[in-house]
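Note that the chains are named A, B, C and D in the order they appear, and that numbering of residues resets to 1 at the start of each chain.
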Amino acid sequence: MESNKLIELLEKMLRIRHFEEKVGNLAARRMILGSVHLYIGEEAVAAGVCANLRQNDFITSTHRGHGHCIAKGGEFRFMMAELFGKSTGYCQGKGGSQHIANFDLGILGANGIVGGGMPIASGAGLSIKMRNTDQVAVCFFGDGCCNNGVFHESLNLAAVWNLPVVYVCENNQYAVSVSVKQASLIHDYYLRKDAYGIKGCQVDGNDVIAVYEASKEAVERARKGEGPSLIECKTYRWRGHYEGEFDRHYTYRTKKEIEEWIDKCPIAQFKAYLIENNIITAEKIDQLEEEIKRELLEAVAFAEDSPAPKPEDALVGLFENE
Amino acid sequence: MREISYADAVVEAIEEEMDKHEEVFVLGEDIGRYGGAYFANPKLWKKFGDERVRDTPISESAIVGFALGAAITGMRPVAEIMFSDIMTVAMDQIVNQVAKMRYMFGGNVKVPLVIRTPIGGFHNSAAQHSQSLESWFAHVPGLKVAMPSSPYAAKGLLKTAIQSNNPVIFFEHIQLYRLKGPVPEEEYYIPFGEANILREGTDLTVVASAVMVHRVMNVANKLEEQGIQIEVIDPQTLCPFDKETILSSIKKTGRLFVVHQACKTCGFGAEIAAIVAEEGFDYLIDPIQRLAAYDIPVPFASNMEDFAIPNEQRILSAITEFLGK
Amino acid sequence: MREISYADAVVEAIEEEMDKHEEVFVLGEDIGRYGGAYFANPKLWKKFGDERVRDTPISESAIVGFALGAAITGMRPVAEIMFSDIMTVAMDQIVNQVAKMRYMFGGNVKVPLVIRTPIGGFHNSAAQHSQSLESWFAHVPGLKVAMPSSPYAAKGLLKTAIQSNNPVIFFEHIQLYRLKGPVPEEEYYIPFGEANILREGTDLTVVASAVMVHRVMNVANKLEEQGIQIEVIDPQTLCPFDKETILSSIKKTGRLFVVHQACKTCGFGAEIAAIVAEEGFDYLIDPIQRLAAYDIPVPFASNMEDFAIPNEQRILSAITEFLGK
Amino acid sequence: MESNKLIELLEKMLRIRHFEEKVGNLAARRMILGSVHLYIGEEAVAAGVCANLRQNDFITSTHRGHGHCIAKGGEFRFMMAELFGKSTGYCQGKGGSQHIANFDLGILGANGIVGGGMPIASGAGLSIKMRNTDQVAVCFFGDGCCNNGVFHESLNLAAVWNLPVVYVCENNQYAVSVSVKQASLIHDYYLRKDAYGIKGCQVDGNDVIAVYEASKEAVERARKGEGPSLIECKTYRWRGHYEGEFDRHYTYRTKKEIEEWIDKCPIAQFKAYLIENNIITAEKIDQLEEEIKRELLEAVAFAEDSPAPKPEDALVGLFENE
């Protein structure tokens, strides 16, 4: 892989990490309202997958969606403004954290309903096939989603219709407090590919290169019309299910388990690898991070300075005028 | 004018729109070579083939959700749910995704999607195949709801639905599929939100949809013989809902009687009654009255079913009693 | 009397019924060691363990359907759906199976099943976590529907629900979980179908449920200062619905004003308006009025949300205007 | 296997066949109304499976449910009366063909919604486990159901909760007009057992002994607390999807295909086997069939002579009084 590409991957991960840390901070200060689910610890998945995508490719995202949005090209300022409920936000303040979308960037939306995006991404795949382009649709979803009916219906139908969809399971091993062990006898969800007759594999979701390579193959297959794939990325969420859960996550997992996963930080690992292989220096990385932080501060300022929507704006936008 | 069936009117509307726009396609169960569950008309499949007439497995959430994904990325799908009772298995997609997509994401996307589904059941279809749940969808902002009562309306409203950039729930009454009626050869569209006054009258305003329109019309014709003049209004679409036409009718008649096949409690009749009690109160001479199915699941046996859902006899006596004649 | 929170009242009701009947058990997402998604009260799990407090995967159709299968074979399940907007993924089981099971099979089975679910959303919960879809369930024959507005009602109604041999949809308002109120130590049950007159008055009857009860009460207290006497009625259960209490109130006041958080069109307010326009017409001095959420999905930003859903200010001005004062 | 048991199997199949033929006839004459889905050609499945069940075991059934009902002990007369919409029917005329249930016989109901019965049977399994009895719940469903969300949710949850449920897939290769080949890439649905980590197998659904043996094993495992199984029975429906479909089934399958399957008639095969092995004589079988036919005539007479429900009976039975 080219150095450029590798540095891009790092940058994407750093952008996500810093964004999420800032958001966590703002949520704690109640400057961001509503429920906020952070992606910290899982950055390699969104970054690795989306590095294979073009702007006109599609993704659907989840309640834990900031990372996907950033990785697909979402801009801090418009995201932040949305989280602040401002009219400059991606959804003009109507969506909030769980409902960011930008159709120009192919971001078909985060979703407050577990599994809600699965048939939608698949339908984008159908559209690609019918319009006969070489786009690809990527569907992000959690381990918790794998036991919901729409998972089954979506993968099955995308399989038999041979659609260009890549299903990316972010197996962070918990759905709120329910562990994969309580949720099913199968804990390696990529195995379910065989139930639909499609390709699939499992990767270390904290290894951005592994994620990149696996999804590259799947994306290329999809572009060539060779059908859908199921990629399972084993990873871990560092924070509570949502900001505000605080220490309640110790009711279902141990501090030790969390710390072990923090030790496997996808970003720290990747930084070490890049430095060791002389692809980038520690100084350069610091510089990168400074820039990102600066951009974030600007984004927060932008969000703060942006006008709130007028209350009556609530009445606008339900239907397209005809 | 030539007469064609309600079923053929539906197929013709889709065919014309498919001819016009290559983004239009249909998906659903048994709509291909089989030609549809309730009528055997494989015309679309024969003409447009497997790609644009897509038979699906029994995966209703996928049917709706795939259609939605396609709709927001350049296609104009017409999805079919085999009967409206099974919209229940696709409700998240319909209610939380399709209906909210545009608004929730800030109005930046078009959702040109039609969900066609038969409503109301045949006779003896029993509890799980006879429901009329239209009021649920009228309660969900973001969905347009159409309910044609004639071949003419079916064709004209469906063409409007397919051309629309907003999601439409299109309820076809299963007992009307074989009904024949005049449908012009020339292309036409019927706008949403315009009620149809089927019959003018001065004594009473009756609002009815779908199959009930026909039962009410028969009753109105009978009552005419007794010198009673009934105005019959079919809203045609529940969202948008043409309340003006109904309010001006009541201004004239002073009386409102609503008939529907859906269960009474929280049926769309409640909404009509409420609107009139709010905005047409001063025109009212008498209390409003609703005649609807009893609040029970539809029973199988003919005589119980016939008892449960308003039939002509019951409509006639209820109106007669209501008018105190 | 001691005061406990609405959340604790819910847990206490379940605990007491679990103590009494070993057939009672609970199932749902994150209800075990986590103690519930919206409040941290793992009391039931600690006391009754994994067998009777069953954490499930994210499989809502299974949650409801498994509960149903258990209910008709000797158990008394209390299923939890994490928020009512996702009842949409379990609608077939709720509407076509649970509600119809007894009737459709000839009345030969009991269905002692409770589905608890939070309704209405927190603030800033946005479009998919803020809905109030209670009128859907009132429209489906075969379901009882409860909607408590206080800790006292929550406990008493839930105990009745669990003891009932009929399926109950039990809506808990998410914004009330932390509300504290008096709840006696002694066991009690609140019967379904009895509206609660929270406040007597002669100028206007206001009907409201769940969180709206509190907003309306505050407004009524304010208006009292201006000499306006408002009667506030909380139906407590929508099915069965205590129309008598409301009709006799209107007989006294001559005016009906309905407030709800649900969207206006086809909300339960339409049903109340319709009943009164049918059966209480002659008592009415003025048109009926409904105040409800606008027909839009709930927007995220505070000021838009606050605009969309009736708040105290809007209730106050609407009532003041309505009374022409 | 004992002769008695074998003859019982034959008898069950014959009872189903004759019942269905009579019903088809009555439906054609419009003496039975509503939609009627016949089980002809698939008798070995219900007969073979239910031969392992006790009266207090549970089954759930489908729109094509008469066979399951008969095999689980349903009586002709009450079934027929239900189909006639009479108040003596199993559901007092409220249910009709798609909604026959009898809780005393453990028949938890046919279902007009594909998949509707899957979680219900599973919940009966949960109840068995919690009440700690050695009952078993059997869930019948078609190939069409295998691609619906409830299939997935039910099998997964029954697996992780280790419930005594036997899932019996009647793969007659079509869901109305849609063949399994159009419905999924996987055509052997028993393979999906691996997606849930449960036991399962495929059998010739026209071979009643094979069905019996496979389900015996599954039922015994369930009784012993060893969890759920998925059994796929390959079979075929001879008639149209419903009575009244008439020749429309030739739009999706050939006369030849139907005839080939008629040649594999589960009853004819089994008769030949029994006669060949001197377990029963052809005369005895004829006698048995005559008896069944006589019972059927009586059942029809019972149904015809039974009173129709009063129209107002429609208002009874929604809620249990309290």
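A few points about this structure:
Going forward, a contact is a pair of C-beta atoms (placed from the backbone, for glycine too) under 8 Å apart; a residue touches a chain by one contact, two chains touch by 3 or more.
Protein identities per chain, from UniProt: A, D = Pyruvate dehydrogenase E1 component alpha subunit; B, C = Pyruvate dehydrogenase E1 component beta subunit.
No experiment lies behind these values; they were computed from the predicted model shown.
Any chain bridging subunit A and subunit C, meaning touching each of them, is among B, D; the list is complete. Using mean Cα coordinates as chain centres, the one most removed from subunit B is A. Look at where the CA atoms of subunit A average out and do the same for subunit D: the two points lie 45 Å apart. One finds 30 Å separating the Cα centroids of subunit B and subunit C. Subunit D has its Cα centroid 36 Å from the Cα centroid of subunit B. Remark: subunit C and subunit D have CA centroids separated by 40 Å (rounded to whole angstrom).
Touching two or more other chains at once are residues 91, 93-95, 99, 111-113, 115-116, 147-150, 153, 156-157, 160, 182-184, 318 of subunit D.
Within subunit B, the positions touching two or more other chains are listed as 56-57, 59, 61, 85-86, 88-89, 92, 96, 103-104, 126-128, 141-142, 294-297, 299. If the chains shown are joined wherever they touch, the resulting network links each chain directly to all the rest.
By the touch rule above, subunit C contacts subunit B in their complex via residues 61, 85-86, 88-89, 91-92, 94-96, 99-100, 103-104, 126-128, 133, 135-136, 138-142, 239, 241, 262-263, 265-271, 273-274, 276-279, 281-282, 284, 286-290, 294-297, 299. Listed in rising order, the residues of subunit D touching subunit C in the complex are 58, 60, 89-95, 99, 101-103, 108-109, 111-113, 115-116, 118-128, 130-131, 137, 149-150, 153-154, 156-157, 160-161, 316-320, 322. Interface residues of subunit B facing subunit D in the complex, by the touch rule stated above, are 29-30, 32-35, 37, 40, 42, 55-61, 85-86, 88-89, 122-129, 294-297, 299-308. The touching residues of subunit A, when paired with subunit D in their complex, are 147-153, 156-157, 159-160, 182-186, 191-192, 194-198. Subunit A makes touch with subunit C in their complex at residues 33-35, 85-86, 91, 93-96, 98-99, 111-116, 144-145, 147-150, 175-178, 182-184, 248, 251-252, 308-315, 318.
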